[in-house]
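Both complexes below contain chain A, partnered by chain B and then by chain C.
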Partner chain A sequence: MARRKKDSEDRTERVLKKLTDMGHQAIRDIDRRRSPKLSIPVRSLSNVSFNKRRSIIELGNSKQDRLFFNTGMAKKFMQTFLVAEACKQLLDQGKTTSIRDLFYMVKHTIPNSMVESVEDQAESDACLEDLEVTIDTLREELNLFASNRGAMVGNVTLIDSGDTIDCRRMGSGGYNIPSIVEPDVIEFVEINADFVLLVEKDAVWRRLNEDKFWKDYNCILLHGGGQPSRGVRRLVYRFADEAKLDVFVLTDNDPWGYYIYSVIKQGSINLAYESIRMAVPKAKFIGLSAEDKDRFDLPNDNKLRLNKTDIARARQIKKYPWFQKKHWQSEIKLMLDNGMKYEIEALSSKGISFITEEYLPHKFSNPDEMLD
Partner chain B sequence: MAKKKSGPASAQSMAKKQREISISEFFSRNRHLLGFDNPKRALLTAVKEAVDNSLDACEEAHITPEIDVQVRPVPDHPERLTVIVRDNGPGIVKAQIPKIFGKLLYGSKFHRLKMSRGQQGIGISAAAMYGQLTTGKPIKVTSKISPRKKRGSYFEIRIDTKTNNPIIQTDEEVPWEHPKGTRIEIELEGKAGKGRQSVLEYLRFTAVSNPHATITYAGPDGEKLNIERATKELPEEPREIKPHPYGVELGVLTKMMHDTKCRNISSFLNQDFCRVSSRVAKQICEAARLKPTSRPSRIARTEADRLYKAINATKLMNPPTDCISPIGEALLIKGLQQNFDAEFYTSFTRSPSVYRGNPFQVEVALAYGGDIPPDGTVQVMRIANRVPLQYQPGSCAVTQAVSDVDWKSYRLSQGRGGMPEGPVVIMVHFASVWVPFTSESKEAIASYDVILKELKLAIQECGRRLSRHLRGRELAQAQAKRRNIFELYIQELAESVHRLTGEPKQPIQDGLVAIAQRATERADANDRKEVRQDKRANKKVAKKSMVVENGNGNSNGNGNAEAQLDLFAEAEEAG
Partner chain C sequence: MARRKKDSEDRTERVLKKLTDMGHQAIRDIDRRRSPKLSIPVRSLSNVSFNKRRSIIELGNSKQDRLFFNTGMAKKFMQTFLVAEACKQLLDQGKTTSIRDLFYMVKHTIPNSMVESVEDQAESDACLEDLEVTIDTLREELNLFASNRGAMVGNVTLIDSGDTIDCRRMGSGGYNIPSIVEPDVIEFVEINADFVLLVEKDAVWRRLNEDKFWKDYNCILLHGGGQPSRGVRRLVYRFADEAKLDVFVLTDNDPWGYYIYSVIKQGSINLAYESIRMAVPKAKFIGLSAEDKDRFDLPNDNKLRLNKTDIARARQIKKYPWFQKKHWQSEIKLMLDNGMKYEIEALSSKGISFITEEYLPHKFSNPDEMLD
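So, the complex of A and B:
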């Protein structure tokens, strides 16, 4: 307990220093009669590269200077500082808050004017992202949390903010994964599971939980509610990194599913600066893959046509450097050629528990069918 | 009693029924060809013909025109109106009055190649005929040619549509208080319109394109117009020219050869045309394999054909252009100023050009802002030979030229269909010896390539100048904005930095203010430099009063993109 508290204090110290350094740098600029400036790493595809050795997406070195004395940038510059200051307040008080609350902390009418410091949450969110990436700090470290999303059950016991949680006894709802899962908040007490299974959808997770799949196979079963949130990704990372567990991902057979897997495995473009803390390069893709249709003889009437967005996305994904491996290229090509996508629920046409009784067991017995 | 059915006609029986149709008869049944197809238009056409005549007459006599137009309702006849137009022109000789008003296609202008308003001389008599057809009343004309006489000639005239001759109903001397001039009165079936196609608008446009004229108007609903002339100077009188060889067609060429007084082809070419020297005449004869000494009247058809081809194959100088009298840049602006209170005016007269042997000249004037309504498409005033064109804008070369221009590069938005939007009035004057209209109703200029090109070039020049003016305004707005932004945000930034670091707030704020002052000074200086460059550019282009800017700069313009000036990039490089 004491150790955890010390870790937490250290972290807070580090982050506070980064924030005050930002302020001091501005003062130095002002003293030299230069425009205060922030060098913000560019977060777009052009500045993102795939590190083959580490197998993660990384942010490049391209930066954009944001100057205060530039009519187009002045407002954003000021807003970034307002956000930084608000985060300092949180850290000083040892409290966490949501990013919506942060918006309210920062929003006010500028004295002697009719102008608002921020108009809507999108503005403060954007400045927060800029801040994160500029001072290289996760928002969780700034004491900001997003809403919880995702649930977990399995052979793991942890302490969450002082409460002991045994994830084998979380009933039908599972443990609600919080957005801040840093070691000083979530402490692993005991992990006896053999691997981690992350599924895309809540409904599939329910099925597997009800059938107690995690018990039979002794795994940690989580879902992210679609594209997994930072909390879920970070937790999966910690399981892989600290407990050295293998990670398997199960999604629908569509471009969005492939993308979800790739984010777990390599990181995302948007949060490329955090890949090193979130990406799990060894994660494997169980399915649903395009070949499974024939393998498991899924009936034709369950398939859905790929729409224009799907096709565009698939083509886009096909070009990403981290999907250039042969098996991925042929997988994506097969999907485009078929022009069809499948949801995992399609497996139910072969029986409600087909997934637990046939599909997953088959996959785990035939690991070479998995994609990497 | 059953009617006897006539049997199938034979060529002879048909021949018995055929007879010559007089011109008046033809036109009385085809009124739409002359602009009398509906009561609103009929009124406008009648006023137009009368006013055109008055202006032409005054100019020829070197008198600064004063024209008074009245349109009065007719008691007991709500569908009728009385049109009265009086001018202070030279008046009409008594003997000519019946023919001018009582005979179609009688006039002095048809034979001349000179820029003039009415191109066919059919005008006023057609209005008289229309009045006669619809109300049975004759046209009433009063005229006086000498201020010394106390009385003027008074006529009441009808047109005999079968013979196309005047029938004089009344011919007497009446006392008339005006020193000189002509007054016509027609009672006709007509309706006064409002807005676009109203007499009021027409006369307003006429005043704009004829700034030397004083025009007064009193309408049937009590509306009045009183525009004083903006200048006492009359426009330069255009010279009459001989036809240019490129402009004549084979049939006309043949007729000219038949009618000429010249004894041989060579002198015929040299004297009856412009721009054909004796050397060039010989050249043409050689090319046509004709003897220069041959008699024009004896030329056979095949030879005429060769001559026609040779003419068109020979390189000839362009026709002289003093047959056109443009309004001129200064007067164009004055005309606009009389009718619009704008913040910016500019005008541009292009050098004359040629279309098929016909000289023509394009002038454009533009007014922006002020009390011109900012919403909607720009107002385009089309004028041909100083006569406003009210109808068929869609078929007119002027409209096409305006929409073909890329207005976005001149800082105006451009809607679908290509017409630009904003508080702008564009006046386009097309002056020519012979204006190529799209139809006989003389309302739309034909869109030939060379004409479109000239129109566009003139419009673009005005667009460029407008753009420079707007840029100046934008920069001024950016300046103000710049100051405001920095003022606002400095206090916020100073506060945040103070709270982040714990350092005292005042020095931080003072430091920021000092930098701001320097930054804005630098940006302002930059702007001033740009504005100076723009003003110089505008001045250079037109030494005459082509660009008029009112200091008040009412900025009800479209909020354009803010100027993004990264001042410190330069500053830091400078070290």
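So, the complex of A and C:
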């Protein structure tokens, strides 16, 4: 408890220093009669690349100046400082809040004008991303949370805000994964699991929880409710990094499922600056794979045909540098050749617990069928 | 534990009997050389009414026959029986599943034809609703779950599937409310709270949890992530019904917030047949109210103006029989006259914890400001 409190104070102090340094720099610029400026790493695709050696998507070194004395930049400059000020306030008070709240915190009518400091949330969100990358700090470290999604059960005990949570005894609902899972909020007390199984959908998670799959296979079972939230990604990262657990990702067989896997493994293009604290290069794809169509004799049905959007997305993904491995190229090609996609739920046509009793045991006994 | 198991067996037996009775009736019809038929209560608006005395939205008595020997009805008749058969299978095996899974369970190509038993999930969903209302059984009792949404903390201990959950010690994440919360799955062990506070948004819930509002005010704090899921509604109903707790609903000040409140209180039009097991007529609306604009000096801002959709929806709601009380008519009129809507988050412009330290204490000290 004492250590966690100490960790939390250390983090707060470290982040507060970065924020106040940013302010002091601006004051120094003003004292020297120069335009205050921020040097912000560029977040566009042009500055994003795939680091093959580390196997993560990374932000490059390009930076752009944001000047106060520039009619095109002055407002954004002000907004960035308003966001920084609001974050400082959160840290000073030891409170967390949502990015929607942040928008209202920085929004006001500029005195003696009809101009609003921020027009809509997109503006404060963009400034927050700029701030994160400029001072190299996750938004969670700035006490801001994203939406709360996902649940967890399994052989792990943790302390969340002082409460001990035994994830082996969380009933049918499970532990609700919070958005902020930094070590000073969530401390791992005991991890006895052999691996992490992250599933795309809550319905599949509930099937596996009801069947106590995590008990039989001694794992930690999480879902992210579709594209996993930042909290879920960061928690999976911590299991992989701190407890050295293997990570398996179970998604639908469609381009969206592939992409969910790749975000867990290599990071995302939009949030490339966070890959280093979120990506899990050792994650493995446990299906569904296009080859499972024949392996498990899955239904061949008009309604499961890839539509135009699916096909376009699959072709796009096929070109991403992190999908260039031979087996991924053939996987995507096979899906396109088959012209079919499969939801995990399609396995239910073979029996309600087919996934628990047949599919997953088969995959774990045949690791060569997993994609890396 | 033994009692819960007994309850579960009783429920299963009772529902299985209804399903087999339905099958036996069809067989009797065939033996008598009559067309098998189902008599299905009509679920359209024409058969829905507001029961003023009980203060809930109810389904009327109109029924419609669904005949097997009728070219327009034969397929739907078959689908309804396929869904009933799948539910029987779930109950026989003691397993639960999602309505997406149900779709795959009943989907197959009809032998010697190119015809699919069901084309898409909308068809199996509709048949499920028909089945629920025909045999007067909630889908949760048929072992089907809807999407999982919502979290809970507070002065309550419960047993979920054999695990004891102390909702006072659930950290920042909270207990993830499952979709099926029937007494044989979720048993209340100890409830020491004075009331239930249901908030619309998870961000607001987290603010109140972080500030430990539920501890200071001795309540159970839930959110439903927008329009509350069936699990959340049913749980709130059980707190109100079994523990006789008061229920307060905290939403945004817009027509969607009003409607969320009314669904908790009177039930919904679409699921009128479930009001009796879901609606909580004693629920009170704790805001935001249009009068709070002046009470709390809320910002007057272009971006908060009601848009066309808001205005149309407000006018529609104003006509609903359950919004005819004088104070609701003036509330909606005032919102329309102001031309403004307010998110709970708008209170953050007054301070991060304004809602915990000022707004809610003010409302609880001034119950006349709550709307009934």
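Here is the rule we use: the second predicted complex is superposed on the first by the 370 of 372 C-alpha atoms of A that agree within 3 Å, B and C clash if a C-alpha of one lies under 4 Å from a C-alpha of the other, contacts with A are read in each partner's own complex, and residues count from 1 in each chain.
We take it that contacts are C-beta pairs under 8 Å (C-beta built on N, C-alpha and C of every residue); 3 or more make two chains touch, one makes a residue touch a chain.
Not measured: the values here are computed from a predicted model.
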{"item": "Dominant contact partner of chain A by residue count, chain C or chain B", "value": "C"}
{"item": "Touching partner for A:Ile165 - first (chain B), second (chain C), both, neither", "value": "second"}
{"item": "First, second, both or neither for A:Ala84, with chain B first and chain C second", "value": "first"}
{"item": "Which superposed partner A:Pro36 touches (first chain B, second chain C, both, neither)", "value": "first"}
{"item": "Touched partner set for A:Ser113, first chain B, second chain C, both or neither", "value": "first"}
{"item": "First (chain B), second (chain C), both or neither touched by A:Thr97", "value": "second"}
{"item": "First (chain B), second (chain C), both or neither touched by A:Asn338", "value": "neither"}
{"item": "Partner chain(s) touched by A:Ile27 [first = chain B, second = chain C, both, neither]", "value": "first"}
{"item": "Which of chain B and chain C A:Gln227 touches, first, second, both or neither", "value": "neither"}
{"item": "Partner chain in contact with A:Ala74 - chain B first, chain C second, else both or neither", "value": "first"}
{"item": "On chain A, the residue positions that both chain B and chain C contact, one per complex", "value": "none"}
{"item": "Touch list for chain C against partner chain A, complex", "value": "89-90, 93, 95-98, 100-101, 103-105, 107-109, 116, 119-120, 145, 147-148, 151, 159-165, 169-180, 185-186, 202-203, 206-207, 210, 299, 301-303, 343, 345-349, 352-353"}
{"item": "Contacting residues of chain A [partner chain B, same complex]", "value": "19-20, 22-24, 26-27, 30-31, 33-36, 67-72, 74-75, 77-78, 81-82, 84-85, 88, 110-111, 113, 115, 117"}
{"item": "Interfacial residue positions of chain B with respect to chain A in the complex", "value": "478, 481-482, 485-486, 488-489, 491-493, 496-497, 499-503, 508, 511-512, 514-516, 518-519, 562-568, 571-572"}
